[in-house]
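Chains here go by letter, A, B, C, D and E, matching the order in which they are written, and residues are numbered from 1 within each.
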Amino acid sequence: MTEPIDTSIYSAVTAAIQTEAQRILAAGLVTAIVGYAASRRNGSTQPIIVTDAAAAEKLIFTPASVNNLALYLTKAKKEIPKKGKIGIVVKGCDLKAIVGLMGEAQLKRNDLYLIGVPCAGVLASTVQPSTALTADTIASKCTECDARLPSDCDYVPNVQLPTQPQLAGKYAVEIARLEALTPAERWAYWKEQFAKCIKCYACRQVCPFCFCEQCLCDRNKPQMVDTTPRPAGNTAWHIVRAMHLAGRCAGCAECERVCPMDIPLNLLNRKMAKELKELYDYEAGFEVNDKGPLTTYTDKDDQSFIK
Amino acid sequence: MSRIGVFICHCGENISRTVDVERVAQQVGKMPGVAFSTDYKYMCSDPGQNLLKKAIQEQNLTHVVVAACSPRMHEKTFRKAVEAAGLNPFLCEMANIREHCSWVHENREEATVKATEIVGMMVERVKKNRVLPTITVPVTKRSLVIGGGIAGIQAALDIADCGHEVILVEREPSIGGHMAQLSETFPTLDCSQCIMTPKMVDVANHPNIKLYTYSEIELVEGYIGNFQVTIKKRARSVDEDKCTGCGVCMTKCPQKKIPNKFDQNIGMRTAIYIPFPQAVPNTPVIDRENCTMFKTGKCGVCQKVCGPGAVDFEQQDQLIIEAVGAIVVATGFDLYTIDEKPKGSLIKGYGEFGHGKIPDVIDGMTFERLASASGPTGGKILRPSDGKEPKQIVFIQCIGSRAREKGISYCSKVCCMYTAKHTMLYHHKVHDGQAYVFFMDARTPGKSYDEFWRRSIEEEEAVYIRGMVSRLYQKGDKIIVRGSDIAVGVQVEIEADMVVLATAIQPQKGADTLAQKLGISYDKYNFYSEAHAKLRPVECATAGIYLAGACQGPKDIPETVSQASAAAAKVMTLFSKDLLEREPIVARVKESGCVGCFACKKVCAYGAVEEKEIRDRQGNLIKTVAFVNPGVCAGCGTCQATCPSKSVELDGYTDEQIVAMIESL
Amino acid sequence: MKKKKMIISQETMDVDFVRKVEALSGTSVRRCFQCGKCSAGCPMATFMEHPPNRVVRLLQLGQWQRILAGRSIWYCASCETCSTRCPNKVHLASIMDALRKLSWDAEGASKESYVQLANKLFLQNIRTYGRQYEMRLAAVFNVKSGQFLKDLMLGPKLLAKGKLKMFHRKNKNLSEIEKIFSRIEEMRKKGEAL
Amino acid sequence: MHPEKQTHDFEPKIIAFVCTWCTYAGADLAGTSRMQYPANVRVLKFPCTGRIDPVFILKAFQQGADGVLVSGCHPGDCHYIAGNFHARRRFAAFRKLLEFVGVDLNRLQFSWVSAAEGGKWVEVVTDLTEKVRAMGPMTEFKELAMEEQWSGAINTPELKEAYSQI
Amino acid sequence: MTRPNIMEYSYYPGCSLHASAGEYDLSTRELFKKLAIGLTEIPDWFCCGATPAHNVDELLSLSLCAKNLELADKIEGDVAVACAACFSRLKTTQHVLGESDVKRKQVEKALDAPLKLDGKVKHLLEILAKDLGLERLAAAVNKPLTGLKVACYYGCLLTRPTDVPDLDCVEAPTIMERVIEAVGAETVPWTHRLECCGANFTLSRPGVVLQLTHEILDSAKAAGADCIMVGCPLCHGNLDIRQKEIEKVYQTDYNLPVFYLTQLVGLSVGLGSKKLGLDAMIVNPTPLLKEKKLL
């Protein structure tokens, strides 16, 4: 299964991003652009905020461009200018987060200039950034990607996406495996996973949707969730987190990427997405919705579980 | 540190028979924070309440738990007693150890343990209770009535008679609505205008009613007791103060062939016109689309002949702002037409009946105008196409109604009765004619209604055919009606001279737009939704707005009048106090935590959540947060359960109180 | 026909049969409120002993035997006027299709209709030739129905106008059509399809 | 007249979250009708099922509940127009989440009980109590609460050795 | 027309066009050639099953149509259909299989192949009125049918059922009128445009057919039509072939030539009698066409 994945378009994409960035910065269409730049470690990238047309050449796109930059528009926006439009380089998965944030009044389309990236996939967090992209090294989320070509962007480089090898959806497979287990076996699985948690809250920090000023789990009047990194509190935290993201998370999988303890966090999110799709035919991130699946209802919703 | 008083009621023997009340009192007395714990035979009796009051004062209690019956029974009683003793009533809670314990369990030990736990749970809860001041909202004692048909007129007169000012807004040049168009009314066959016009005159002359005709609602702001309404008063081109209503302008107007909407477009009117002779106000209006002066700039005959100089071509639309405390919506209905509808529309027309292009296929309202003594034919039933008297007339019921294929699945409620009336009117006017009615079910519940329908068959000789019509088409000067009689099981064909369709009742055009302005909910057909189908049928979920008449659903005249009076009574109830008091169980936003995702706003069924901008001293926008209007909030708490950061909290049911209860168990 | 009294009970109302009709036709029988518009517009109603609305009524009562014993379903022209005009979106034409399909195996169903014979020959023609062979269809029908002289007048005229072809093209992929027929038969045998 | 109480090895703790307008009133009706049901249930009153946060259910389990009941007005009967509709979606999702992390959904019951359905209240409570009783105590959350931090890792032989050397 | 073929269709003639309705097939091919619209006959198409198949065996009917759609999928362009019955069946199949998972699975099994149902099925009328457009059609006319009064006969299946063909309004369609008026003819309003001719019973119960067709012909004649235009070989069969018989049985005289729409439109763009197969018509149209100076 080490089938290589064609990422030859990335150089053309990089060039196109640079040209477009230079154009819009020079023309004053945007005051800054959030994108990826090469990092010190071999092959790795890091987020960069470019405010000068001359610096546009720093922008790149590679299989190591893993971050969801949407974060820099909301929670981590200290470094971006307060005035004017902001340009941002987005993969399809990142765009879904932006779309979700628009639906929750956190972002306005008019304030953004979206540079969409045709994406063949990025690397998993477990491999070195210089590794070649193959069916083995690709991030799990990319195996289930349905938005390789972001839509409704202001600019998308005109390149032909190469055809992809058929990849088995890693989350779908894992969800199916867990669903086939007994509740006790599932409990054992998650107990072990949650036990690893050190409550570093990196998952919360990196999630574009955890934008609350004060997290419910940090409150102590009342203390809804035990804050110490012990099994009980850990379990509660992860359940609350999954519930709060249900119907909103579109699967950028940043939580899972940054988790130092390798807890399969996105698995919970994907499971909830799957259920909401089945229950209410709702998929997050495809269009700006006024209401999510859990802030609306119909009088015909399923109630087979209610006596 | 709280000093909680706990009072365990025996309820005679109702509780003490299965619960060892003394033991409960003893056990609970040991709980931290409990300063006083006792049991008593009847807590709700006067001595019981006095015991409570005395204890509060003597023991210096800060919170009270009464363990007795269901709070649904006596919560108000004990909160009042607590208030009389000088404590905030919301610092008192009840523990239900009767309905939920002593009455449903027989084992004394088990019941006693459970009762102790229930009381303990309420003790933990009451510790977290906060002082909640009763919410008061000032009430502007003026009301707005939207729609000047029989519903609006009745509501306006009732409110005005009680001494409160009413603003009555009507879209058309005259009030009167559909009832003014009718010839006779069922089940008594009294002339509609004879009973309607006196009411219209009453409105015009009432000192407490301010009438805006030819006007529409532009904007509604505010909430119960405190609405600001912007009304757009369209230019009449005639000065209402100067006009004497002499009508010379109309006799001289050269444009005489404009179809009159009031007469269902079969009668004609002039460009400066009043829709019908008894119009209120009796002030003409210039229809600018058809007026020669407005079209070409030349004419002005009306202006020249007007003695008082009332005609004013320069008049402009006006915006008027009125402050009111309550709104009655009475916008009424409109009739469905069988015309071809735009592609993709929810409602479909009847191609099989010729899409409304056969001239002698008319609707019920047109028949009313034909039958009306003041109508375009002077009360003679004549065909629109050639003015001949129809000798074979076919009535078809349920056109559009009860036809989900056409997009409407409800029953329009009044058609069975008015069709029966039509057959009678027809029989009275065309003695040698024959009326046929195609129907599915005759729905005639109502006082003297079924008798009325039977009369049309038994005495007025209408032939009722149980079955529907599949197709209508013109053949020569006849209309071929192809139907079936399902009782006999045969196809029926009638060569009719005229066909009258009992078309469905739909809400007025633009009902949805008005609902959005008012912030009230409506169903998929645009009928306005009442707050509760059974118990609050005249109130909207949005506080301070009430419904009257067919805008809420198909209704006949008596029902409409009843609902209008009921709506007026609701308005008067609201106006009976200067301040609107309500329980302070409402949601509040903690602005520091709110990030403005407005999930709360999305789930609020009452539209109580508003957006509020927070600015620094220089006026720069810091953030936009949610704000719950306490006058509008109903206190369900759905917002809090939805808020991810719990930055909105429902007083009386805070997370702290609930978690305290869970943790006590 | 002498009308038998209808005994109505849970036993005599064959709900299972009605469910089959509903599954095959994809339409609900219960929706009908007997307005009679279908019968009013049906071009064939005068030929039927049970007009269309009554066919639905009998189904609502689970009395399919009464329908199938008669000729109503075989006089339906499939013009879909009923379905088009039904105020309740009851697809009556599909219900008729379903009833004809179910009459194959139903006890006491009317079997002798010419329409059934014509249908049968039509389908046989497809199975054998892939397409219709009108000349053969007409000829065999006349022979089988014992009406040797029917439409005799028309024949020569049509031949002269080139409207009846004595020979016709056979499809090259006839085996495929045979497979479709046999797969469907197989599915029915296994109970995978109605 | 008073029958001897049946003795059981295990008395489950059942916590019920109910809305005040329908289910609480239904439970009151069961009382005024003197119906009998197991004494295991503790009722928490809410204005509306719309107010019930999934965290409360979690908290109840953590607090030692063996079964949780959530009950409110039938669809269309909500005193607050749509609170129960929102709750229906919220809990439809939440129960799927709990199921996925391994909570046996037999311990979590949802129901519509109207103010007129005293009998249904008794039935729902009795059924849940007996079902949970048969399942035995809900140990999962209790065990979590008992465990020290890093529980998974403590079991590795390396760490055990390291600990024993301290 | 100087433009190259800009429109390409796969062509499903249906059984009748290869037999009794040969002139419909012929005139269609000639007309489309003249209008520079490409038609490629689907190789080895099968009978759609028509009414008899769905009458007694819906699954078979769906399978046959699905098979034809699969065959059509191999050819570029939307599917052009001449016969109203075939058109209705193919569209119904797409609709039913799109709605019902159960039925789709059954048909997949019967075909032993994945279904290809996306191709757009279009009646010739749709192609002329919508794809080509009335303006371009009118521009191609060199012999306008001035003075010819046409009764447009839709029959029952062209616009039905409501939720399937989106050809035109189900109850009050005008597409035939629009097409034929675009080429210069007059149309008459008449009452039986959408009544069923009973084609299903042509073979089995000709008596029924005679009665229904008689009413239709009566109505057209009463409306003052010179001729009838149809878009369905089955309607044509009853109205044209049986016309003399009806005249005899009902003791009337119609003498109403029944044209296929492609014949009349073909006439207007200058195609001759041979290319339109006018000699195959039972009711001789020559006197009428000569009178109107169209031949």
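Just so we're on the same page, a contact is a pair of C-beta atoms (placed from the backbone, for glycine too) under 8 Å apart; a residue touches a chain by one contact, two chains touch by 3 or more.
It should be emphasised that the depicted structure is a prediction, and the values quoted were computed from it without experimental measurement.
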Output for shared partners of chain C and chain D reads B
In terms of CA centroid distance, which chain is the most far removed from chain E?
D
Contact-pair count is greater, between B-C and A-B, for B-C
Chain closest to the middle, measuring from C-alpha centroids that were averaged per chain
B
Computed distance of Cα centres, chain E from chain A, in Å
55
Just how far, in Å, is the C-alpha centre of chain D from the one of chain A?
34
As a quick test, compute the distance in whole Å between the mean CA positions of chain B and chain E.
53
For chain A, what residues touch not just one other chain but two or more?
216, 224, 294-296
Which residue numbers or ranges of chain C touch two or more of the other chains?
81, 85
Mark out which residues of chain D touch at least two other chains, giving numbers and ranges.
54, 59, 82, 86, 90
Going by the touch definition at the top, which pairs of chains touch each other?
A-B, A-D, B-C, B-D, B-E, C-E
Under the touch definition given earlier, write down the residues of chain D that touch chain B in their complex.
2-3, 5, 13, 15, 20, 24-25, 27-28, 30-32, 34-37, 39, 42-48, 50-54, 56, 59-60, 63-65, 79-83, 86-87, 90, 122
Per the touch rule above, chain B residues touching chain E in the complex are 340, 350-352, 354-355, 405, 473-475, 480
Sort out for me which residues of chain B touch chain C in the complex.
352, 398, 402-406, 440-441, 466-471, 482-486, 489-492
How about chain E: which of its residues touch chain C in the complex?
15-16, 18-22, 43-47, 49-60, 63-64, 67, 96, 99-100, 102-103, 106, 109-112, 156-157, 160-162, 170-171, 195-196, 198-201, 203-206, 208, 212, 241-242, 245, 279-282
The residues of chain C that touch chain B in their complex are 33-42, 45-46, 50-51, 53-54, 81, 85-89
